[in-house]
Amino acid sequence: MNLHEHQAAELFATHGIRTNGGDVAFTPDEAETIARGVGGPVVVKAQVHTGGRGKAGGVKLATTPRDAREAAKAILGLDIRGHVVSKVLVAPAADIAQEFYLGVTLDRTRRQNVVMASAEGGVDIEEVARERPDRIVRALVDPFLGLHPWQARQIAFALGIPADKVGGIVTIARQLYETYVAEDATLAEINPLVLTGSGEWLALDAKMSIDDNALFRHPEFEALRDFDAEDRTEIDARQSGISFVKLDGDIGCIVNGAGLAMATMDAVKLHGGEPANFLDVGGGASADQVAKAFGLVTADPHVRAILINIFGGITRGDIVAQGIAEARQRVEVTVPIVVRLSGTNAEEGQRLLAEAGLTATESMDEAAAAAVRAAHAA
Amino acid sequence: MNLHEHQAAELFATHGIRTNGGDVAFTPDEAETIARGVGGPVVVKAQVHTGGRGKAGGVKLATTPRDAREAAKAILGLDIRGHVVSKVLVAPAADIAQEFYLGVTLDRTRRQNVVMASAEGGVDIEEVARERPDRIVRALVDPFLGLHPWQARQIAFALGIPADKVGGIVTIARQLYETYVAEDATLAEINPLVLTGSGEWLALDAKMSIDDNALFRHPEFEALRDFDAEDRTEIDARQSGISFVKLDGDIGCIVNGAGLAMATMDAVKLHGGEPANFLDVGGGASADQVAKAFGLVTADPHVRAILINIFGGITRGDIVAQGIAEARQRVEVTVPIVVRLSGTNAEEGQRLLAEAGLTATESMDEAAAAAVRAAHAA
Amino acid sequence: MSILVDRESRVLVQGITGREGSFHTEQMAEYGTNVVSGVTPGGKGKRVAGAPVFDTVADAVAETAPNVAIIFVPARFAPDAIYEAVDNGLPFVVCITEGIPVADMVPVYAHVRNAGSRLLGPNCPGLITPGEAKVGIMPGFIHTPGPVGVVSRSGTLTYEVVDALSRAGIGQSSAVGIGGDPVIGTSFIDVLGLFEADPATEAIVMIGEIGGADEEQAALFIQEHVTKPVVGFIAGQTAPPGKRMGHAGAIISGGSGTAAEKMAALDAAGVRVVDRPSAVPAAIQAALS
Amino acid sequence: MSILVDRESRVLVQGITGREGSFHTEQMAEYGTNVVSGVTPGGKGKRVAGAPVFDTVADAVAETAPNVAIIFVPARFAPDAIYEAVDNGLPFVVCITEGIPVADMVPVYAHVRNAGSRLLGPNCPGLITPGEAKVGIMPGFIHTPGPVGVVSRSGTLTYEVVDALSRAGIGQSSAVGIGGDPVIGTSFIDVLGLFEADPATEAIVMIGEIGGADEEQAALFIQEHVTKPVVGFIAGQTAPPGKRMGHAGAIISGGSGTAAEKMAALDAAGVRVVDRPSAVPAAIQAALS
């Protein structure tokens, strides 16, 4: 799950990283009040789970409380890459002398964590990585020993940081890595990390993503979930053991297995359709799971046909067919359903499905084509 | 440094290990008050930095507060292996079903920590190690990953602990290892760790030693130092960078280097004398250090001669000689001093010492023999 | 011939008395796999599918000399099970468990490598050498012995492809599911190397998906080290960036890890890339003839 | 010939601008040691004894290609310095620093071993190959080139023995101080094996002390693997149990680690055990003739 800037900043602060403070405002009035409390220029920043908010007009400098109110008014309600802004962070403006980038994430190829830093702070780091890769300094982290002080120093010297400022960034790099590990993050990032005019280090932004598989170790994060930002349906699905991702098309997909679910979406597209979702029902494809999947898929008003794709493995195809038929009776589905059932006892399963009035086939391509036809016909 | 049972028990408790509680009494009155508070049978235990207190009469069961008073009276002031008891721990008596030993220390040969356990708890574990080594189960701890749960389970099953009690001792073993690491211990031991009649795990004793080199990470331990138990002189010496250990003989030794200091003690013994101390002045053997060493050695009224043994290495012998002569003038020394000075510029140094009225030689054997003669003559 | 497991493999099942563990132990034994023992703490004396259960891996090793371990314990305890297997000398460990935190797998991966053992998974279906041994949860009956090595990040998608191959009369030497997590013990490259060296394998099917750069790495490896024909399929051509597609590893991040990039890399390495699973058998037939 | 260091050794000094570091760098250079560079964070551009100073080991390696590092940084930072040296490819690291916590040295030891490097110390005087290179803090002038290898847990006691040998006209091939801490990188066994293999070494002096079991392990090793004559001395014959004699490792605990036990073990292994340092030269002369 992704954290908002102000949430990540609070975590950074608990691990000793000096951040810029500030408070969250949901209305222009609140923004004005906070700015008044700051008593000086502030920055008003959209709190959304996406990058590029600066370019999209989601960050504004305000010199007076009145300006802060106007800035908040302009930003609240803004649509940034499909995310509507419902809150802003109002924080004191900093006296920036130099901007850096500092981040920790997993290097999947090396199966090790990596600390990355750049003197090109404050800009889109992925753009820097693509266009000026030599401007990014990296240190692979020992899986057992963590980030060594010497590695952090090496990064600092490579960035050309003056000797008397090296100790400061070494400390922050180690604190950031510590935060990343302690909070089971998959990403922890400060962009920009700034050196102020008075020579102090300050984290001006904070970004963190948490490993969903590790949330059992961090029950406190449940309270930080942003139901406006994350798709509530996806969260409900996860609680039922179903992986669900909403997409823009009109063919609802219900599949067992993540890889097969992706291949099913691809097949829909190949046959001229657009998938309405990614959906992996998980292991058994029981009546309960299929019923829940029907609920998830049919909640989307754009769905005009449903494609069920099950490869009967350990679970027999006839049992799966019974489950589908049963779920079909429990949940009202008004759009056409096409079922592809293959694997163990597939013929028997298809017979049962046909009896239940469902179109059934053993070929994934055929099923995808049929679903696309059905959607277009609807 | 060694901790007392009650101090170690408090540390164990902060790491989650269930201990038997209790309070410390310095007088029989206090012991009676504590026992009254417990409201049942208590155990009164001498708090001394040595083993074998049970055999020495330092542990007594008391069924009434009155008995506790008598027990404390009998134990306070007892001399256990040269340690005079000045305080006792009064703790509730436990309903013991089975006793175990559990400890963590360094396996120096493997350069790894080792967890040791035995079903022969409550007895002298070194005796068990010598006489029934097969009764001790060991697990070497991965230097990076710590004690694995599977290792703790393996120990538990090897001790014959019933399956439903395994989880409990696994937790305690991991907590004990965690304590050992977090507190920079060189030894952490529970003996006995008991299974009570009601099937619960309870640490009935607690023993810990802390790595002196790691005390900078644990300023809180300074307050736990027991100046009755540790030789105050040795602590003062350490603060001056001098390693000092009081012994029983009459020849005070001042040497540069720990190995040479031991060899000097051995030489004294070989020549029929008894060393009064181990003393390593450390690096330079400056006038300051030698003066402090004189102070340490002459504080012992048994000292009848002083043997100074310096190998002039990087520091020149003549400089060392000047230092000795200067220290000699600063500190009043009434016993004869024999100096052995070898290495760089030794001859010049010996000349300076002779001028200062000190017996000087280049041979360690000769010097030791001279010191022994001087002590016997005194 | 085959890779990694065969009829001589002596399999230990960790978590053997659990629901998943006992079910799949029965299934594996039924397939003909030589399951020699299992471990469940406190389970000593029980039997599953005829295999004796022990309290610890050490005991199981001492009594039954296994050389492959398969793990069915819950995510919170699976890393400990992997360490127990490796530290007790198991040279090959298959971890089926899904949902292990990445932070736990990073040191596991390093430790297994330092110990000189091999880990397959986690979050994988395991592997099978048709007609000899199944060390995993795949449906055995869809597999047939033959000349094609299959390696995949996915579960059911692999069954889909294997089933298509078998129906087309093309058997498999071994089929290996490497798993869909960001940190896995055995990568495409490792398995490709094994198939290249295996005399029984004449062609290879590689099934990738979005996320990470393992397919790109594999493409470089194929170009330099693989002489046998390779057919490739990448799932997730329609997946949007920033969304995790079920597998923790299947996520397009920072504009990299897309299916298009992976297909291009494989294509450049001489792999016959197909756009749908059903096209795999024909591509293999063309490659083999 | 010699072991570990010679006139070709290229020495890097970590902590080169500190009081100890700069003093001993001058001393080493004066002895003829090839000190190629030093590291002190922020010290870039300085020079000590003619050697250039760098901010990081990586820079020093890139510019000056050292193959031995010697560490003079304070105890709190010394483990990091060892990791920096080893992770930047230094095959041999000598750590002079005393007072490093045992808890820090346990992972350092394991990491250095995994990396395939060698660590000497910590809390040791270093080593010298007389007339060629001094990588340590011992007084160089007492050493003379010759056929006797010296290995010791102690500092000044080693100088005592070396001085006695030199005065008796017996030179040394190399003299190695392994250090007095409970966890050290190089043990007696390691050095004994090197001396056994070194053609220039004809006899060995081994100076032990109370505490631990390294001398007993060495005795077993000598019995099985060392054909050259060994003379042994153990300091601390009069030390009482439970008291640390200066070195963190010199403590008799649980009734083991006594001088008597060690002397008996060495004696049983055929080592000529002497009761005082001054008896070493005669014992060596007897062994060599």
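Going by the order they are written in, the chains are A, B, C and D; count residues from 1 in each one.
Note that in this section a residue touches a chain if its C-beta (ideal position, glycine included) is under 8 Å from a C-beta of that chain, and two chains touch if they have at least 3 such contacts.
This is a predicted model, so every value here is computed, not measured.
Participant: Select, from A-D and A-C, the pair of chains that is joined by more C-beta pairs in contact.
Facilitator: A-C
Participant: Need the CA-centroid distance for the pair chain A / chain B, whole Å please.
Facilitator: The answer is 56 Å.
Participant: Centroid from C-alpha atoms only, then distance chain C to chain D, rounded to Å. What do you get?
Facilitator: Computed value for the inter-centroid distance: 49 Å.
Participant: How big is the gap, in whole Å, between where the Cα atoms of chain A centre and where those of chain C centre?
Facilitator: Spacing between the chain centres: roughly 27 Å.
Participant: Using the touch definition from the top, which residues of chain B touch two or more other chains?
Facilitator: 144-145
Participant: Two or more other chains touching the same residue: where does that happen in chain D?
Facilitator: 107, 111
Participant: By the document's touch definition, which label belongs to this structure's chain graph: line, ring, star, complete, or other?
Facilitator: Topology of touching chains reads as other, fitting no named class.
Participant: All pairs of touching chains, please: list them by chain label.
Facilitator: Chain-chain contacts present: A-B, A-C, A-D, B-C, B-D.
Participant: Which stretch or stretches of chain B touch chain D in the complex?
Facilitator: The contact residues of chain B facing chain D are 106, 108-109, 111-113, 126, 129-130, 143-144, 181, 184, 186, 211-214, 216-217, 243, 245, 247, 255-263, 265-270, 275, 278, 280, 311-314, 342-344, 363-365.
Participant: For the complex, which residues does chain D have touching chain B?
Facilitator: Listed in rising order, the residues are 27, 75-76, 99-107, 109-111, 137-139, 141-142, 152-160, 163, 180, 182-183, 207, 209-210, 212-214, 217, 233, 235-240, 243-250, 254-255, 259, 275-278.
Participant: Would you tell me which residues of chain A are touching chain B in their complex?
Facilitator: Residues of chain A touching chain B: 144-145.
Participant: Flag every residue of chain A that touches chain D in the complex, lowest number first.
Facilitator: The contact residues of chain A facing chain D are 142, 144-145, 148-150, 153-154, 157, 163-164, 166.
Participant: For the complex, give me every residue of chain D touching chain A.
Facilitator: So the residues of chain D in touch with chain A come to 41-42, 44, 55-59, 77, 80-81, 83-84, 87, 107, 111.
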